[in-house]
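One chain, chain A, links the two complexes that follow: it is found with chain B in the first and with chain C in the second.
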Partner chain A sequence: MKLLRCFPYVSKQVVRHRVRSLLTVVGIAIAMFLFTAVQAMNRGVTEATSAKANDTTLVVYRADRYCPATSRLPQDYQSRIERVEGVTAAIPIKVVVSNCRASLDVVTFRGVPKDDFIDERRGELDVVAGSLDDWKRRTDAALVGETLANRRGLKPGQSFTAAGITAYVAAVLRSDDAQDQNVAYTSLEFVQLAGRDDLGVVTQFNVKVADAALLEPVAKQIDAIFDAAQEPTATFTEQAFIGRVADDIVELVGFARWLGLGCLAAVLALVANSIVLGVQSRVSEHAVLQTLGYPGPLIAALIVAEGVALALTGGLLGAAAAIAVGRYGSFAFSVEGTSIPIVADPALLLTGLLVCGVIGVLAGLVPALQASRREIAECFRAA
Partner chain B sequence: MRQLPFAYAFRNLGRSKLRLGAALFGSTLVVLLVLAAGGFVRGMQLTLDRQQSLHDNVMILGVGSEEGVERSQIDASVAGIAAASIRGLKQRAGVVYASPEIHAALPLRLDADDPTDRPAVMRGVRPVALLVHPDVEILQGRFPRAGEDEIMLGSLAPTRLGVPETRLALGKTLRFDDRDWTIVGRFAAPNTVMDAEIWIPLTDLQIATNREATLSTVVVTLDDASFTDVDLFAKSRLDLEIAAIRESAYYASIAAFYGPIRVMIVVTAALIALGGVLGGLNTMYAAFAARVREVGMLQALGYTRAAIVASLTEESVFAAACGALLGAAIGLAFLNGLAVRFSMGAFAVTIDAPVLLLGVLGGLLVGLVGAIPPALRCLRLPITQALKAH
Partner chain C sequence: MTFIQCRGLTREYRKGDNLIKPLDGLDLDVPRGDLLALMGPSGSGKTTLLNLIAGIDSPTAGTLTIDGVDIGELSRRKLAAWRSAHVGYVFQLYNLVPVLTAYENVELPLLLHKLPRRQRHARVAQALERVGIADRADHFPRQLSGGQEQRVAIARAIVTDPDIIVADEPTGDLDKASAHAVMLLLQSLNSELGKTIIMVTHDPHTTDYAKRTLHLDKGRLAEAGTLQTETDHDRPTEQAQTSPRAARPLEGARP
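Up next, the complex of A and B:
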């Protein structure tokens, strides 16, 4: 209660040293911006590669292949896959990417049989602009994921060229699945004809099974069927497939985690530096407070509160800026036709503030304890 | 204007060992970060644009595949047709510099029991590739022979595959396409994408990837011919569905493709450096604020404000310069040449003269920017008030 009453004192201390507080807050904001950005990348990797209990999708790919350009499966595998017990649907997909390499602005086309795709994904896709009928009607029409559309500034009615394919934007879709958000769906034949002699050739089959428990046995069965075929298959759960091809990005994000920890250390150093400087310059003031009857623990709490206030202000600014950049920038890592989104979730703001609060307490603790244990006379002499 | 002696600034550094340590640590860290980011970007850039052959070579690719050779498919006959049709291609002893190639990203394993897929860029080539790509130098062993399950590895291939150098010595094997392939050669092609590749006889890769009738590209070296001649050939053979692109332009487009990643790295390093500058500014404000009385005394002794600012700046910049040199030494010792695995390849972090200069200037800037505003601030008080200050 006493501490709450002292809030104006804490805020005055922060405002009193404008330059010092400003430098500290801006420094913390920068560090928290980077920390939150790393967290957003980390979340994207976790979301894209972690299996969920209700996952029922398998990806059938050419064995021993990585880049979509080298996975060339005969489309007629579809009927044999659909006959496997437990399989409810198999959608052939032809993937064309502007580049197999990893970067932040890759355009991925996924050619799919339109009717099967709509039947299969009914309820999962939310068309936010344009018309699905338009997409079904036009041969060159593309159903563009919202992230890709925002990044490239694509709107229904426009045409765009990427990966040697010119497509018409019929609609923009929103989906909870990161893989939908960053691709352009077109008709299967359209993408096949854009390639050389690729009619009847697909990159992968997305297979739905009746129950999550069937994923492993069905995968084994599919691979066994094509084991001796000219194009043998390797079947993975969707998350395992993404984890396999996005190995480089997972490694990059793993490295970025160290950067995130470095940022936290920087926040700690900045707050501690500011608090130490503040305590050093206010030795006599603390002596006066003690003379007026303020107990040592309360003085310590006031110093810690100052650290927390600085850390929270900087943290709020930095985390909010990172979330804003992440959300409005529509960034996503792409590699070999798969996407790892940067999930700039508002929940990250809460995490950032929590982390900053803890760091503020830690940074202020030692100088606060030292200041609270000083003898009054010693303080006046030192001043 | 009478200047304060340099020894004054130098001796002041020893007044607070903690502050000196913080200044050294701060500028060392900033320099290391600038060197790491600069070296990363520089290494990636050099890999994509410093091939000796780039300016003489033209790539013939499938139409629409100019952004990525890995998805290009052209008829296998294009190599012969191009060599016979385009006049003025480079020749030696009757061999035309036209290299048919397949570029494919494929997973390798160490042996049959290895559960890990290790993505690698494999280039199917014929011996003529050594003529077309003069940067490639075989350091150990020999060029692999077709039909004998042999491969040759670039010097950064161990980094790309994530295995120790000794595991990829001559005579060792790697598994791919359900077979063991013997390493018969090791080559180096410094600062090129080829350095992280695995070279394999063209026909072997064609069979392994079931694309006996197609190639990814044909790379030709120009002599008397110009790019226009090759471009004209590509455009006139509509039946082959091919396009011509200078090798330099192709790698420039790949470099542009990595642009966002480079921007991300540079922005990150700049933000961290800015954080370092802000921390330094804070410390210097406190350090100089405690010396207001001393500054007043110097003014009373006749030193001008400019001379005092210069001395305080000297002090800060000297500490920052020591940190910068330390950071540069650590960077050169531990970061330069460090192999980095990234997206279908690998490259070496390159700390060359421009990057080094950037790093050291960054460190000096921390000292300069960190000192001037606090120095000016502590000179604001009139001499009488400054002398009375505690």
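Up next, the complex of A and C:
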């Protein structure tokens, strides 16, 4: 209760030591911006590469190939795959990308048989703008993922060109699947015709199996069927496939975690520095508070509260800015036709604030305890 | 009736290899409602005695009883609570919190007390009014003169309505006019509100406002015969001889 009554004292210390507080808060905000950005990347990697219990999709790719340009599978593999026990559907997909290398702004076209695609994905895709009928009717129509549409500013009725393909935006879709969010679905023939001799050739098959437990045996069976074929296959779960293709990005994001920890260390150092300097310059002031009857633990709590207030203010600004930039920019790492989104989830704000709160306490603890244990008369003698 | 009682009060501390003994077995009685000035050369133990009475320092030996409470026996936590309820401290250099306004500085001690906001506001306003600085309530210490700062410090010292006000050279940093005003204020707190006031001073003129003046030397009350010699370098001899208060410095001391 006393701490609550005295909180205005803490807020005034923060607000009225303007320069000190501003510099500290800006430093914390920058570090927390980076930390939150790293967390958002990390979350994207986790979401894209972690298997979920209800995942039943396999990706059949050309063995020993990693790039959509070199994975060329005969489209007629479809019927043989669909005959494998446990397979409910196999959708041939032709992938064309505007940039094969890792980039934050890649346009990925996925040519699919429209009717099969809609049947297969019924209930998973939410059309947020435009018309699905329009997409089915026009041969050059694209069903654009929301992330890609936001990033490129695409709206239904517009046309856009990428990777040598000019497509008409028929609708914008929203999906829980990061891969859907960052691609443009078009008709399979349309994409095949865009290439010189690509009719009858696809990049991959997305295979649905009846049960998650069947993923591994079905994958083995598919690869066994085409083992001796001219174009052998390598079959993975969708997440394993992404993890394999986007290995570089996963590794980079893994390394970025260390940067995130470095950011936290920077926040700790900034808050601790601010509090230590504040406490050192206020030895007399704390002695006065003690003289007025403020008990040592309350003075310690006031100092810690100041650290927490600084850390939370900077953390709030930095994390909110990172989330705003992430959401506004709709960024996603794309490599070899797969997407790893930067998931700027508002929940990260809570994580950031929690982390900052803990850091504020840690940073203020030692100077607070020292200040609370000082002998009053000694402080006045030293001042 | 004795309000403050010191018996064999001793305070010693180490400074490097040296043992410093600013108070050495001091005996003293102070009645309630006294306005006592403590004088003496530097290092005589005045401020140490003041700090012990204010409960911000603890005796090494001896007892210090205030209104029946042996404050040397109180734990840190209890001593803090006791200070909050019973003592107001006025510093030579005011020691106001620079980032707080005059109002907020005076409010500080009240934040420890469970008071409704309105009552707290009323008491702060009353204290500021009492010291004649109500019109400067929103000013920060840097916007006030030394005299005004000391008035704010006095308001802070009286806002909790303590029994004792201790003042460490309250006029030491003030010009003559401001010093006079501050001393009149302390005198009025003593005569009108019955506060027991103990102040340390180097200024012989300040003792004119006190009911009694005691001289300390080497951690003890100075003997009457040694008074003039011991304080020669601190105050004019004429003053020591002519001040009626200086003529009875040991009145409150135990034989």
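Just so we're on the same page, the second predicted complex is superposed on the first by the 383 of 383 C-alpha atoms of A that agree within 3 Å, B and C clash if a C-alpha of one lies under 4 Å from a C-alpha of the other, contacts with A are read in each partner's own complex, and residues count from 1 in each chain.
Everything that follows uses one rule, which is that a residue touches a chain if its C-beta (ideal position, glycine included) is under 8 Å from a C-beta of that chain, and two chains touch if they have at least 3 such contacts.
The shown structure was predicted, so the numbers you read here are calculated from the model rather than taken from an experiment.
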{"item": "Room on chain A for both chain B and chain C (clash or fit)", "value": "fit"}
{"item": "Chain B versus chain C as contact partner of A:Pro295, first or second or both or neither", "value": "second"}
{"item": "Which superposed partner A:Gln230 touches (first chain B, second chain C, both, neither)", "value": "first"}
{"item": "Chain B versus chain C as contact partner of A:Arg5, first or second or both or neither", "value": "second"}
{"item": "Chain B versus chain C as contact partner of A:Arg244, first or second or both or neither", "value": "first"}
{"item": "Broader residue contact with chain A after superposition on the shared chain, chain B or chain C", "value": "B"}
{"item": "Touched partner set for A:Ile376, first chain B, second chain C, both or neither", "value": "second"}
{"item": "Which of chain B and chain C A:Val84 touches, first, second, both or neither", "value": "neither"}
{"item": "Partner chain(s) touched by A:Ala368 [first = chain B, second = chain C, both, neither]", "value": "neither"}
{"item": "Touched partner set for A:Arg65, first chain B, second chain C, both or neither", "value": "first"}
{"item": "First, second, both or neither for A:Ala266, with chain B first and chain C second", "value": "first"}
{"item": "Overlay on shared chain A, then closest C-alpha pair between chain B and chain C (Å)", "value": "11"}
{"item": "Footprint overlap on chain A, comparing chain B with chain C", "value": "none"}
{"item": "Complex contact set, residues of chain B against chain A", "value": "62-68, 70-71, 73-74, 104-107, 117, 119, 176-178, 209-210, 214, 241, 254, 257-258, 260-261, 264, 268, 271-272, 274-275, 278-279, 281-283, 285-286, 289, 341-344, 377, 390"}
{"item": "Touching residues (chain side chain C, partner chain A) in the complex", "value": "48, 51, 54, 56-57, 76-77, 80-85, 87, 89, 91, 95, 97, 99-100, 104, 108-109, 111-112, 114, 156"}
{"item": "Chain B-facing residues of chain A, complex", "value": "19-20, 23-24, 26-27, 30-31, 33-34, 64-70, 72, 96-105, 163-165, 194-197, 230-231, 244, 247-248, 251-252, 259, 262, 266, 269-270, 273-274, 277, 280-281, 335-336, 383"}
{"item": "Chain A residues touching chain C - in the complex, by the definition given at the top", "value": "1-2, 5-6, 8-9, 12-13, 16-17, 284-285, 287-296, 298, 375-377, 380"}
